[in-house]
Amino acid sequence: MAQLDDLLEELVTANRILASQGIVDSFGHVTVRHPDNPKRYFMSRGRAPERVEIGDIMEFTLEGDPVDARGRKPYLERFIHGAAYEMRPDVMAVVHNHSPGVIPFGVTGKKMRPIMHMCATIGHEVPIWDQHKKFGDTNLLVESMAAGRDLAKTLGKGRTALMRGHGCIVVGPYLRATIYTSVYLELNAKLQMQAEAMGKVRFLTKGETEKVAATTTPANVNRAWENWCRKADRPYKE
Amino acid sequence: MAQLDDLLEELVTANRILASQGIVDSFGHVTVRHPDNPKRYFMSRGRAPERVEIGDIMEFTLEGDPVDARGRKPYLERFIHGAAYEMRPDVMAVVHNHSPGVIPFGVTGKKMRPIMHMCATIGHEVPIWDQHKKFGDTNLLVESMAAGRDLAKTLGKGRTALMRGHGCIVVGPYLRATIYTSVYLELNAKLQMQAEAMGKVRFLTKGETEKVAATTTPANVNRAWENWCRKADRPYKE
Amino acid sequence: MAQLDDLLEELVTANRILASQGIVDSFGHVTVRHPDNPKRYFMSRGRAPERVEIGDIMEFTLEGDPVDARGRKPYLERFIHGAAYEMRPDVMAVVHNHSPGVIPFGVTGKKMRPIMHMCATIGHEVPIWDQHKKFGDTNLLVESMAAGRDLAKTLGKGRTALMRGHGCIVVGPYLRATIYTSVYLELNAKLQMQAEAMGKVRFLTKGETEKVAATTTPANVNRAWENWCRKADRPYKE
Amino acid sequence: MAQLDDLLEELVTANRILASQGIVDSFGHVTVRHPDNPKRYFMSRGRAPERVEIGDIMEFTLEGDPVDARGRKPYLERFIHGAAYEMRPDVMAVVHNHSPGVIPFGVTGKKMRPIMHMCATIGHEVPIWDQHKKFGDTNLLVESMAAGRDLAKTLGKGRTALMRGHGCIVVGPYLRATIYTSVYLELNAKLQMQAEAMGKVRFLTKGETEKVAATTTPANVNRAWENWCRKADRPYKE
């Protein structure tokens, strides 16, 4: 129980870090799978991530039904998360954001690839999902499990996928690693835009990408996590 | 009366948020129509938005005459606001700013279009007004109702219009929504510039634009508003 | 005497504002002509502008000799200022900075021109001075009256001139207006770079530039000055 | 002994300044050679530079063996530093970072050259090291003396070298000068990218580069250092 409390506090911290690092503005969300019940996940009520407090955290079924809403209004797009957990048992945390750098890639179809070692966990090539292909003119929100599952299919076995005219999804094996990948996906976008304007880019090879990803340990992630906690004015727990 | 007081405090908050979000520097202004008298609007005296206090708020006729100036000096360009209220009974708030991202579009004639769902309320295509066409060499300020009405004509039924070599006008059905559109117009500009440099851009379709705009509710706007209030060190009222 | 004290305090404020607004980093300087003795000017000892205090202000002859050094070490490049005051009796304040946006223009020879009304005081076209033309390989610093006078010749009757591979000079009829032009020169640079990348730019016409400059009054400048004082944590005096 | 204490405190300050100036995020490191024993250097344990405290400073042999670890875990890439000290007796401090601006140059092969006088200490042309050439697919980290020595060979007699898909190394004759060059290498990158997009760039000539570098004195560096100390909330010692 104490461990679950810690995880929920960490989820609050994750929200604050995403805001503090400029990965979300007032929109976007992060979830973590229930450690004892793979059919459930935790997520804040609908609120700007920078404002999220422990009392905002709600439990959901994978289909997106609140377990104990107590009048709290959930995010409309929670199906992004549930569908990813459903399809990918290895995924323990999910971020959805509108991180500014990824938008130009999503709308031009330019493929993102890792430009530096810090960004290797985004994967060798980031797929792009266009809701329009299957669903035609929509409000672009992922408001159903059908849409969430279609996005999860594009994500496949990877860690990241862009959503055209909307943002991206990032998944990971634990919460901190998922925030880490979200931060470095944005950095990759910014740097790749600049590099593409200068000439032919030599990206990480597939072999390099895999070797870096394999040596990105919790110790690495924690070096950033400690720093991000302080910057977001949150306590750090190793 | 208490409700009017609340609205005027909200107008102060709107000024502070525009500054805090980087939409205005020391110049630009925001107004709100009098809720009980459609022939009047409220606006600060001529002052940097970040410095505006409740005692700075003045009442104006649509023609721009102060109702009770008490020595306070108004903005020269208040006619931008009055002319918009005059032509558009549906408009309840107006922002004029020099938001940096919109300038390159205004001076190159490149049309802004919504690049992501958050930006749909800017409208399917943003028209550009060039004061020079009708008025020749001027100081580019909108210092008369004639100039204000000419700008309002370019605005038409939309929410936004660029002003070449100057900035833009943003209108809306209530104050918070108008600030929201102002913030995301700037984001759209920044992202569209980056995307145009990378390749052919797939903008939101007309259908998508309309569907997103139709589902941008006060609840959505308030999620941002709460966050922006805290960042601008102003109290939040739901 | 009290008036001179006020002016020197304002010079401290000007230093702090240049730093706070990102126009200088740890280098660059601002001076003001002695109001009662046109053959003298005031300038801080060699120190980062953000750190300047009232005790750092020194008095210089136009040739750059300190009147009462008391062990304080002056800036090496004070000749930029003295030469401008010497050639231009109308100039009452001078800024020299390495404002980042102007560098790409100086080294490519691309001419800066006013892109929006706020930037009209930079002049219709900004000349570029290349020390190499007359002096060959140097350390690029303006360390003599000879170099200072050569730069002043390029400045001519204008308000601004770029210095290739170095920065710029900005002059004005009073201190606050000179800071104002320095801030908007940087903004113009940033926006012009973005606009040039998007298409053919319609700059302010010569007539527009003159009309805006003619209507940029101390009241306009003070609207920004009040705001900048607060941001730089300095008292504001009307 | 007091002098050594001062140097170690300065190393803490150097870490904080690199973070405060945006040259490192949560990764990257800075070292200083032992003033009394050229076969040793000092470096923090593996930690985000912004968080480094005096108790984190460890002593290493040039081969990267900790002299007195007391359970503290070192950075994996300390061999970057040791190999540079080994090959270059003139080098007294080393920085390794992932400064964002240098990445696009490293992956496109575009050569960095000094664009303004403040950046002359980066050298007339910055070489690029690609670990892949000699070592094939790796995780891109410099985890051995062999890799460190290969990088040092590319650095040669210069002050800076880029590392493709990774970052850069900066060396110098004393700690403060090395931080100074690191800060202005990043500025050069940013400005060179912008300038290259605008036209043919006139860089500093070889003669200019040498003359500026020769007149960049400790007094110059200290003007920035004082300012950076205050911004990083660290005491300044002349």
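As written, the chain order gives the labels A, B, C and D, with residue 1 at the start of each chain.
In this section, contacts are C-beta pairs under 8 Å (C-beta built on N, C-alpha and C of every residue); 3 or more make two chains touch, one makes a residue touch a chain.
Everything quoted here is computed from the prediction, not taken from an experiment.
Chemist: Going only through chains that touch each other, what is the minimum step count from subunit B to subunit D?
Modeler: Each step joins two touching chains, and the minimum needed here is 2.
Chemist: Based on CA centres, what chain would you say lies at the far end from subunit D?
Modeler: Centre of mass proxy via C-alpha means gives B as farthest from subunit D.
Chemist: Under the over-half criterion for shared residue numbers, do copies subunit A and subunit B use the same patch or different patches to meet?
Modeler: Subunit A vs subunit B: different; shared/all numbers falls short of half.
Chemist: Report, in whole Å, the distance between the mean C-alpha point of subunit C and the mean C-alpha point of subunit D.
Modeler: From the centre of subunit C to the centre of subunit D is 33 Å.
Chemist: Residue numbers in subunit D touching 2 or more other chains?
Modeler: If we look for residues of subunit D contacting two or more partner chains, we find 197.
Chemist: Which of the residues in subunit A end up touching subunit B in this complex?
Modeler: 25-27, 46-48, 50-51, 73, 98, 100, 103-105, 107-110, 130, 132, 136-141, 164-167, 193, 196-197
Chemist: Using the touch rule from the top, collect the residues of subunit C that touch subunit B in their complex.
Modeler: 115-118, 187, 190-191, 194-195, 197-205, 207-208, 211-212, 214-215, 219, 223-224, 226-228, 230-231
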